[in-house]
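Paired with subunit B in one complex and with subunit C in the other, subunit A is shared by the two complexes that follow.
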Partner chain A sequence: MLSRWFDKRIRYLFVMPALIFVVVMMAFPILYTFRLSFTKWSMSATRPPVWIALGNYVSLLFNDPRFWGAVGRTFAFTLVAVAVETVLGVIIALVLNRETRGQNFIKTLFLLPMIATPVAVGMVWLLMFEPSIGVINYLLGALGLPQGLWLASPSQALASLIMVDVWQWTPMITLIVLAGLASLPREPFEAAIVDGASRLQTVFHITLPLIKPTVVAAVILRTIDAFKTYDIIYTMTQGGPGFATETLNIYSFVLGFQYFQMGKASALLMVFFALVLGLAIILNWLKKPLAV
Partner chain B sequence: MKRLLTALMVIAILVAMSFSVLAAEQPFKGTTLRIVLSNHPWTDAIRPLLSEFEEATGIRLQVESLFEDQLSQKLLVEFASGTSTIDVFMQRPLQEAKQFQENGWYTDLRPFAEADQDIDLDDFFPSALLAETVEGVLTGIPIVTEQEIIYYRKDLFEQAGISVPTTMEEFEAAAAHFHDPENSFFGFVSRGQRAAAVTQFSSFLYSFGGNFDVDGVATLNTPESIEAFTYYGDMLRNYGPPGVLNMSWPQALAIFAQGNAAMYTDASVFYSNMLDPEQSDVGELVGFAQFPAGRAGSRPYSVVSWGISMAQTSKNKEAAWEFIKWATGKEITLAAQAGQVPSARTSAWENPEGVKSFPAQLVEVIMASSEGSMPYDRPNVIGVGEARDVVGTVIVTAIEGGDVAAAANKANRDYQAILDREK
Partner chain C sequence: MSDTMVTSNRSRRKKQLRNLGYWVVVALIILPFLFPLIWMLLSSLKVQADITRVPPVWSFTPTTQHYRAVFAEHDFAHYIFNSGVIALGSTAFSLLLGLPAAYSIARFQQTKFSLGILVARIAPGITFLIPWFMLFSRLRMVDTYTSMILAHMLVGLPFIVWVMTPFFEGIPVELEQAAMIDGASQAGAFFRVLLPLTGPGVITSSILAFVFSWNNFMFGVVLTGARTKTLPVAVFNFMAYSEINWGGLMAAAVIITAPVIVIALIAQKYIIQGLTAGAVKE
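Presenting the complex of A and B:
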């Protein structure tokens, strides 16, 4: 009797573990945050959250210059970092794709930044960027080039963080593109050689169009990841100098865990969630006509 | 038969007596306390003594120690969950006491202290106990105190024949004299990072006659306050190292400890880092001086930087109190102070053993600093993190050489909003 009941529902039962995991670890926190975003709560054990409807959203969207600054910086960081990473990553992949000796060794070297812990990466770059005792300014000075203030300058700090992100994540684009290149058919290239196409012509008219879907997939992954960058920013500047590198993630952390405004922090995270979701939908939609 | 009964009774009495002796020796046998501490010299000083406590009481201690930011976050997350198993924890009263009390996370220690005269509350600096008291609740027992002082290079001042500055004017003149950026040597270094700078700026603010607020009214844009902001910003812009805007104490201290600055203002606790040859190239060359006097005199902060508290959710409050009483008692305080941790107990400071490990010049400066000092080094509000960012924005503007008055006006409005919210 019981076994028949199980047999009939086996297809539901087998997905249950995964389903429960998703509900408990993802759906519940999102819904809880959503509810919290309409309240005012300081994490107090004795004072429960107070319902204030859209109050948090109104104060974020209309009365908070720090929020809009953070939105701008989040987009600037993502756009510039991903653009540079894509261009560099594709170029490096094309260069590495030739059959050369030690290719695997070079590929392994390229993997290293990616597998390093972001916090450790941040601490090391923090030292290298140090204006008076850091190695970057030391080298620039030794070469007679102008030195920068890097993370300590409100105008250079965001660009410095982008540099670190590029250093760490360009290899990911390279690896994905290399995988794409490896799967390309040989015939179009042979045809191009027969037709007398130059190397550059081959790259622009055959290779790039063929690997476009791969590049787009890499860009989508990277964009969503870059959008929520947190660790390197927190370890290197904590959003400073002033608020010059405060992105949405940093601001939500500060609101929640330093200002104890859990409601407002939740509202910000919901806005952030909507932005990421919107971005993913747009990128997905852009991808469709590109897919071959 | 009678003999047997007598023998049995004797045995019974003996057994009972031996039990009661055991019980008196280890009254809390079988209890385990979970204790969360900060990675701080105080923790290092008491760690080797913990086994004595365990033996005397029978309490097993489960000690975790974390860096201060991680500690704050751990406490927040555990307490907010309402199911924390933490019994005793270290906390920063000025940063956390108001919020934690508001959230109901402390056990009031006053009833314990009143019932148990061993703790001798009168031995503590009154201002230190005040710092731990929120709305009449004693949230913790102070364990570490600190004042803002000047660290300076004795050798350079002697060579140049300049006396140690006692006023803001002399302070600036000395900084200007030693400033030599071509050779990577700077007249003055201090913190410039938005929120981190606020505490070290506070002594400048008080000494110029300013304050964060007076009677619930924000006073960040009074002429005195603006003068203090401008002075601090000018000092760091004109005589400070490049990159000061991203400096909290580790970076600023490193500049001074590597011999790249003539003067450094920060908390007195860092003197041991300065003297440690592992961390500092300037060791013996460091002098200590009282904070320079401005229009309102020399008014450095003198605060409780760390205290030890009992969690509201603790299930072993009696045992937890036993530990707190022991860890903050005269004996352990003296031992910790011998390990270079400045305490809040008068008895430890009056005992020659207690000051033996401190440089004589520093003890003098610490004693002199307590006169006219201020009991807090940051805005005294629940939303202290937010308030620090508000004040820090003006400091950053001043260091950048921007419009200090405009920034101060805006900060004053924002700070007033925080004050009003908490009324």
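Presenting the complex of A and C:
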């Protein structure tokens, strides 16, 4: 009897626990943050939030150069990092793509940067970027190339963080493209050889068009994640020097948990959330015409 | 005859050369991607004076002093335990809620639910951090395993549903129908017939849910205290002490990364499948 009753409602009973969890832990917090974004509150227990309507949004959008700086840096970081990762990742995949015995071992090694703990990765790059004792400046010097100040310089810090992101995530594009390459049909390539096409011609006219949907999907996944990058930036620079590497993620953390401006932080979080969601929707909408 | 032997020899040598060339190129490409991890390990085994020496020292007598110090002076065993409990707990509960949900979404095409799960995967974690902090403070749950496990489940659960739904879609309905004709209930068919078949998917998604939790930094910074501090937070705090103790820092970085790398070496097939899920159609 009981199992009959269960079976009849299984589609809901099976989904319910997960759904309740997501509602309590996600939907409810978002609504709470939304409400808080119309108030002024320093998280004090004795002084409750004061309703200031759109005050926080107005102050963010019209009176806060730090906000617009963070918006610009978030987009710049994402755009440059993902572009470099895509080009590098696809080239590396095309070079590596071969049916050899060592192929799996190569893939395993490529997996390590993206799976290693970001905080630990941040620490070792901090040591390597160190201008006086770091190994990067030493190697550049040994090769007779100009050395950098890296994270210590406001004009180089963001680019240095992008370098770390490229190091971490180029392998992801490579691995996705390798998987895509492995699933391609053989016939077009055999036909190309018969027709006497050169290797470059084959790559540009056959391989790349065939793996385009895979690359587009990889770029979408990567773009959304890059936009939300937090660990690396917070551990290495905390947004500094000055505000040179302060992205939206970092600025909202600082507003909320260092300045305790909960209302304004909430408004920023809503803007950030809307941007991520909008980005995801636009990318998904672009996917169809791009992927064909 | 000797002519053909010469050419075949020559072509074989050519092939060998080309093979050698391929591996040289592979090594050149991979070296920059491995170097920071190698550097981390090397630096953790050097004495402080050697770490800051320019030009860098390449051959030295390894020392374990930093590892001993990290455990003796900074209680890292405690942080390893905390990270382990939270990662295992959040993975287990995410599986418990996520597997039935993924099955139901796949079998009954509950696209609305899957959309909610997808939003959870896309939304930046920091969006939830302020309300969580306030909620957990009020319930006196800051610095407890429960609050950290719940927080990490918001990463693990959507990921498990996202990886597992296509797995369940790939299993023909006839299989569970056959089990049900034999007298099993649908729930029974799910547990006894379907779950064993999706083993690889369960391995993939639980390994990655574990790793995501183990690596997670943002939630721990706000939600943990002295009692439940996780490894990434401990490593970060380590740096905040007056002068940077590079040796200790690198030893701590190796300690936190080593388990993840061991997992990657053992289960690379599953991990690649999980990380590339959603981009490559199986």
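Going forward, the second predicted complex is superposed on the first by the 278 of 292 C-alpha atoms of A that agree within 3 Å, B and C clash if a C-alpha of one lies under 4 Å from a C-alpha of the other, contacts with A are read in each partner's own complex, and residues count from 1 in each chain.
The rule is simple: a residue touches a chain if its C-beta (ideal position, glycine included) is under 8 Å from a C-beta of that chain, and two chains touch if they have at least 3 such contacts.
Since this is a predicted model, take the numbers as computed values, not measurements.
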item: First (subunit B), second (subunit C), both or neither touched by A:242; value: first
item: Partner chain in contact with A:153 - subunit B first, subunit C second, else both or neither; value: first
item: Touched partner set for A:46, first subunit B, second subunit C, both or neither; value: first
item: Which partner, subunit B or subunit C, touches more subunit A residues; value: C
item: Which superposed partner A:120 touches (first subunit B, second subunit C, both, neither); value: second
item: First (subunit B), second (subunit C), both or neither touched by A:135; value: second
item: A:257 touches, of subunit B and subunit C: first, second, both or neither?; value: both
item: Interface residues of subunit A shared between complexes with subunit B and subunit C; value: 43, 132-133, 257
item: Subunit A partner contacts - residues on subunit B that touch it in the complex; value: 72-73, 76, 79-80, 82, 99, 102-105, 184, 192-194, 241-247, 251, 254-255, 258, 260, 312, 382-383, 385-386, 389, 393, 396-397, 400
item: Sites on subunit A touched by subunit B in the complex; value: 42-47, 130-133, 149-154, 157, 237-238, 240-243, 254, 257-260
item: Touch list for subunit C against partner subunit A, complex; value: 22-23, 25-26, 29-30, 32-34, 36-37, 39-40, 43, 51-56, 96-98, 100-101, 103-105, 107-108, 110, 113, 116-117, 119-120, 122-135, 150-151, 153-154, 157-158, 161, 185-188, 190, 211, 214-215, 217-218, 221-222, 231-232, 235-236, 239, 246, 249-250, 252-254, 256-257, 260-261, 263-265, 268-269, 271-272, 275-276, 278-281
item: Subunit C-facing residues of subunit A, complex; value: 3-4, 6-7, 10-15, 17-19, 21-22, 25-30, 32-33, 36, 43, 92, 95-96, 98, 100, 102, 104, 106-121, 123-128, 132-133, 135, 138, 142, 167, 170-172, 175-176, 179-180, 183, 214, 217-218, 221, 224, 228, 230-231, 234-235, 249, 252-253, 256-257, 262, 265-266, 269, 272-273, 276-277, 280
